[in-house]
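Next up: some structures, all given as structure tokens.
In what comes next, subunit A is part of two complexes: it sits with subunit B in the first one and with subunit C in the second one.
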Partner chain A sequence: MKNVLRLNSIGAMAVRILFAAVAAFPIVFMLVSSLKPDQQIFGDMSSVAAFLPIGNISLDNYAAVFDRVPAARFLINSVGISAVTVVLGIFINSLCAFALSRMQVRGKRVVFTAILATLIVPFQTLALPLVWWVNQLPYFELNGFSLEISKGWLDTYQVQIIPFIANAFSIYLYHQYFESIPKELDEAARIDGAGWFKIYRQVVMPLAGPATATVAILTFLPAWNSYLWPLMVVQSEELRPVMIGIQYFFQLNVSWGEVMAYASLITVPVVVLFIAFQRSFINSIASSGVKG
Partner chain B sequence: MTTTQLPSRRPAAPAPGGTTPAAARRKRPGRLREQLSGWGMIAPAAVLLLAFVFLPAILGFGLAFTNARLISPRPVEFVGMDNFARLFTDPTFWRALLNVSYFAVVVVPVQSGLALAMALLINKKFRGVNFFRTVYFLPVVTSMVVVSLLWLFMYRKDGLINELLSTFSFGLIQGADWLNDPATAMPAIIALSIWQAAGFHMIIWLAGLQSISGELYEAAQLDGASRWHQFRYVTWPGLKHTRSLVLVTITIQALGLFDQVSVMTQGGPLDSTTTIIYEAVRSGFKQQETSYASAISLVFFVLVLLISAVQRYLTREKD
Partner chain C sequence: MNKRFTRILATSIAAAALMGSLAACGKGSASATSEGGNEITMWTHNAGNPDELAAINSIVDKYNKSGAAKAQIKVQAFPQDSYNDSVVSAAAAGKLPCIVDIDGPNVPNWAWAKYLTPLKLSTDLSKNLPSTVAKWEGETYAVGYYDVALALFARASDLKAAGIRTATVEKPWTKEEFQDALTKLKALGKWQYPLDMGTAGTGEWLPYAYSPLLQSFGGDLVNRDGFQSADGALNGDKAVEWAAWFRGLADQGFMAKKSGKDSTQDFLNNKSGLVYTGSWAADKARTALGKDLAIMPSVDLGNGPKIGGASWQWGVTSGCKNSEAAMDYLSYSLKPENIAAVAKATGTIPATDEAAALLPAFAEGGENRIFMELSRQQAVMRPETPAYPFIATEYAKAVQDILAGAEPKTVLDKAVKAIDANIKSNGGYKN
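Our next item is the complex of A and B:
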């Protein structure tokens, strides 16, 4: 019996390692290839060397990437766009979820249902009319001391940020989490004379850390990864995000080493960020109960 | 990051409307203020969703019945069902529908099954559990565009996939030119899509698994239930809600197939990988036919709605 159990657990570990190998091998291949010249990438392909940083290793591909693409500019743009989207998203969505979860507001059930209904609309189906619509929106610019108003958001930073701040899934996650925080805390704070915003900021939000971590990651990923939208609405090179940079590698002859270097360059920051937050992220999804 | 113990202290579900005696006793001016500040807090998110989800959705709905183009000197005219008549007689649309159905029919069961297997493997605490959870989730944090690019390289005739197949079969399998052959292009896209997204659904399954009480397993063990019986009679029924959530999200995700196709095959070869969304984007941007693309989007939306409704009906609680 004991032997059977041990055999079971060895078997389970073997399966775990097999799954991990399948999940990791393309990423390892990408990272390792980014350090090799093209000739060697193809040469190593038929052996285990494809996954090992051996042979003629250098950062040449990365240097070439910065020559070919304004990579630094793209990285700065993406960091800025994602950071602003995440921070505003956390604030606005949690505020909304707070009122829907903990305050008595007439009509809040209708509002919550309407918000959840937006979850079934895939973004790709909205993108087209949205392009037409954002081009009708007014645009305020402070030029010295005079306020200038122009029409159209195309080719700006805000067109890459503002449409993505409010998010039904974030509101839903916060709402679920807030429901698990005892409402007696609010009552106690109100007796102490606290206003609703103070309760939100000083009582409820400090307890909602795991929900915030989850919302931060789930807002950051699509912001960093956005491709279709900037392709449609951003023309100026100095406003472009990282994913658009991929197009620069498929003109004339493709250097796969450089492609892998650029792919690594725009993937590694996300992976590092994810590993830093992974414990609270996975735990909070697992406990905030995406229970339907 | 501090993890609070709150979820375990979850109080009994509050009455609908959340009326507590204290709230009922509150005086009218306080209630009015609560109404106002409540709406003030809801407003920013509500206005943004109204402006950037509801409005374009309604706009798209309207455009589908016109002849609008992205840039056109002609005024927009109402053309009734013309776009739909054209759509339903377009063989590329039917091909796209077929391709997406093929994709969904394979991806939905295989991806949810693999995701469940992964979740079961890392459900219990053991040494290194966080390592495995992180590795399984790595493909999910990698952008689909980067993933598509990476696999585009690996699927070449002289690429890594064929080399691996040849090595592990001791030279028996001579790999295909995956993405350039109409017979293998869609299976190739299916494989990479499952690879990228299974980790996300693993997390949802994991959430479901963690909500099943450990006492049920102890009771089952005392009764001498085998591993399989524990799964069959404790785990599987306990995952009822999670099951329908996973099913619906994978289906919607599968029907919306776009990024992979856009980066890897542009719908080819011979339309063997084109999809509904890809056709919408192609006619909307490449050909600037806003109205026709809106019609495709509308049909897609109705399709998603219908399938989710059918799934909800089939997985409804039968009591």
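Our next item is the complex of A and C:
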């Protein structure tokens, strides 16, 4: 009986290792290939050497990446755009969800349903009208001591951030989480003289850590991976995010080692973020019953 | 917890401030598209291609510093694969720059969409390679510095070992000779698939590479008389014959239904004996193989060997407020030394003989002269109609379906139906 149990656990472990390996292989291949010259990448392709850092290994591809693409600038842009989108997204969406969950407002069900209904519309269908729309918006700029107003947000940072702050899925996630927090806590806080914002800030949000972690990751990933939108609204190289950079490598003669090096550079921050938030992320998904 | 929330808000403010300061840094160039004062903006597809971009920037610098410049030109570079999307979005927002570069076959569509205005240049274009001058409805809308040419690359030693004659521009392989060559190369037993036609390619590669083969059979993408229907051209007997032949290359084990991602690299790694590629790969292949590299013309499949014509070209947008300066810059940029500089940087075929004479590789007797001959003798322009982007998409889908095993006549009929419906729904794409 003991032997059967041990065999079962070995079998389960083997299956887990197999799944882990399948998930890890593309990343290992990317990292290893980023250290090899093109000829060796293709030469190793049909053997296990494709996953091993052996042969002519160097950091040449990484050096070449920085020659071809202003990678540091793109990384700074993406970090900034993603961070601002995440932080403002957490603030705005949680406030909205708090109002819908805790406040007694007539018609809030209709509002909540309308917000959820926006999830049905794919972004691609809205993209072109949105380009036209953001190009009509006023832009305020402080020039010395005078405030200048111009028209159009194209080719700016805010056009890459503001349209993506309000997010129906984040509101839904927060709403569902807030519903699980006892309303008696609000009443106790009110007796102590707290107003709505204090309840939000000091009672509800501190208890919504796992939801915040999930919203952070689910907002960060599309912001980091953003490709179509910046392609349409950003013309200046100085304002471009990392994902546009990958296109720089697809010339008539593609340098695959450089592609892999750049892909490694832009993947690492995402992996680090996921590892840092892993526990909260899984907790939140488990407690809200929502799949990402 | 209160502290934590305060920290989050503080981080938010700090991040917003960071973005604000970055925005201030980026604003200098962002305003370039506003084209204020005596500055006009030029968009190019060369981001990530430092050699070509440097050559373009050098021409612009020379023009800007010349006393005769009618405006200062500001260059903004975009990555090639996403360039068209950026232009279409800018057009939708009314934010196109004065000068744009365009992939040749898209010129009629952009002219029809009123993105472009006819060129009025002081340069004589009559001696340019025909494929470097884009015309539509009798007007010239774009002109390029270079073209590229498709060809077959092999190792001379392999051809000799298999007892195959090396094809020449004057005497290309016939369909029967090609079949024989593939059979003999396969018999050498060196490769799983002796031929690599780049079947993993996507997008514009599919019509660029394979529609000349269809044309060599006698078919075409569309009836060129008025460009109102593809019926008979893309689904006639010749087209079906082409489709069956093309699929047959895979069925006989001569080529993979889906090749490797980089056909040239696979050829250089000796994973294939014959590769269908182009002039852009010549220098790399020559560096690797030296004198063993054999560059041969495409196969004559009945109506003479054909290759695709037209590469990247320059045009002036219809909304440009200083089109006189834009035309002046383009005229200046077409000087032979400028064309030669770009062709040298990119390894492409210079648009004029005068420019070719400045480049030993493309001058008479030069190692790349063959590509100039191929371009002049065999290039067929992709159909000069605004419907081309749609036709290209349908043809690309048809090629992939045929390779995947679909019945050729059914697939081609479906493509013709879609193309004809598109032309009709756009009122025949009349100007």
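Brief remarks follow.
As a working rule, the second predicted complex is superposed on the first by the 278 of 292 C-alpha atoms of A that agree within 3 Å, B and C clash if a C-alpha of one lies under 4 Å from a C-alpha of the other, contacts with A are read in each partner's own complex, and residues count from 1 in each chain.
Here is the rule we use: contacts are C-beta pairs under 8 Å (C-beta built on N, C-alpha and C of every residue); 3 or more make two chains touch, one makes a residue touch a chain.
Computed from a predicted model, the values in this text were never measured in an experiment.
Under the clash rule set out above, the superposition-derived model of subunit A with subunit B and subunit C contains a clash between the two partners. Judged by the touch definition given at the top, the superposed model places A:32 against neither subunit B nor subunit C. In the superposed model, A:69 makes contact with subunit C only, not with subunit B.
By the touch criterion stated above, A:265 is placed in contact with neither subunit B nor subunit C.
In the superposition on chain A, A:90 contacts subunit C only, with no contact to subunit B.
Once chain A of one complex is fitted onto chain A of the other, the partner contacts of A:205 are limited to subunit C, with no touch recorded for subunit B. By the touch criterion defined above, A:256 lies against subunit B and subunit C together after alignment on the C-alpha atoms of chain A. In the superposition on chain A, contact is made by A:163 with subunit B only, not with subunit C. Using the contact criterion defined above for the overlaid structures, shared-chain residue A:233 touches subunit C, although it does not reach subunit B.
Between subunit B and subunit C, it is B that contacts the larger number of residues in subunit A. In the superposed pair of complexes, A:118 makes contact with subunit B only, with no contact to subunit C. One listed stretch of subunit C collides with subunit B once both complexes sit on chain A; from 254-262, 272-280 or 380-388, that stretch is 254-262. When both complexes are aligned on chain A by C-alpha atoms, subunit A residues 42, 45, 128, 131-132, 228, 232, 256 touch subunit B in the first and subunit C in the second. Contacts from subunit B toward subunit A in the complex involve residues 1-4, 6-7, 9-11, 14, 17-20, 22-23, 31, 34-35, 37-39, 41-42, 44-46, 48-49, 51-57, 59-60, 63, 70, 117-118, 121-122, 130, 132-139, 141-147, 149-151, 153-154, 158-160, 163, 166-167, 195, 199, 203-204, 206-208, 210-211, 227, 241-242, 244-245, 252, 256, 258-259, 262-263, 277, 280-281, 284-285, 290, 293-294, 297-298, 300-301, 304-305, 308. Of all residues in subunit A, those touching subunit B in their complex are 8, 12, 15-16, 19-20, 22-24, 26-27, 29-30, 42, 45-46, 50, 92-93, 95-96, 98-100, 102-106, 108, 111, 115, 118, 120-122, 124-133, 162-166, 168, 171, 179-183, 187, 195-197, 200, 207, 209-210, 213, 221, 224-225, 227-228, 232, 243, 246, 256, 259-260, 263, 266-267, 270-271, 274-275, 277-280, 282-283, 285-292. Those residues of subunit C whose C-beta lies close enough to touch subunit A in the complex are 1-2, 4-5, 8-9, 11-12, 15-16, 18-19, 22-23, 25-27, 29-30, 32-33, 43, 47-50, 76-82, 85-86, 89-90, 92-95, 148, 260-262, 264-266, 268-269, 271, 278, 280-281, 284. Looking at the complex, you find that subunit A touches subunit C at residues 38-39, 42-43, 45, 67-69, 76-77, 80-81, 83-84, 87-88, 90-91, 128, 131-132, 135, 141, 152, 154-158, 161, 201-202, 205-206, 228, 231-233, 235-239, 244-245, 247-254, 256.
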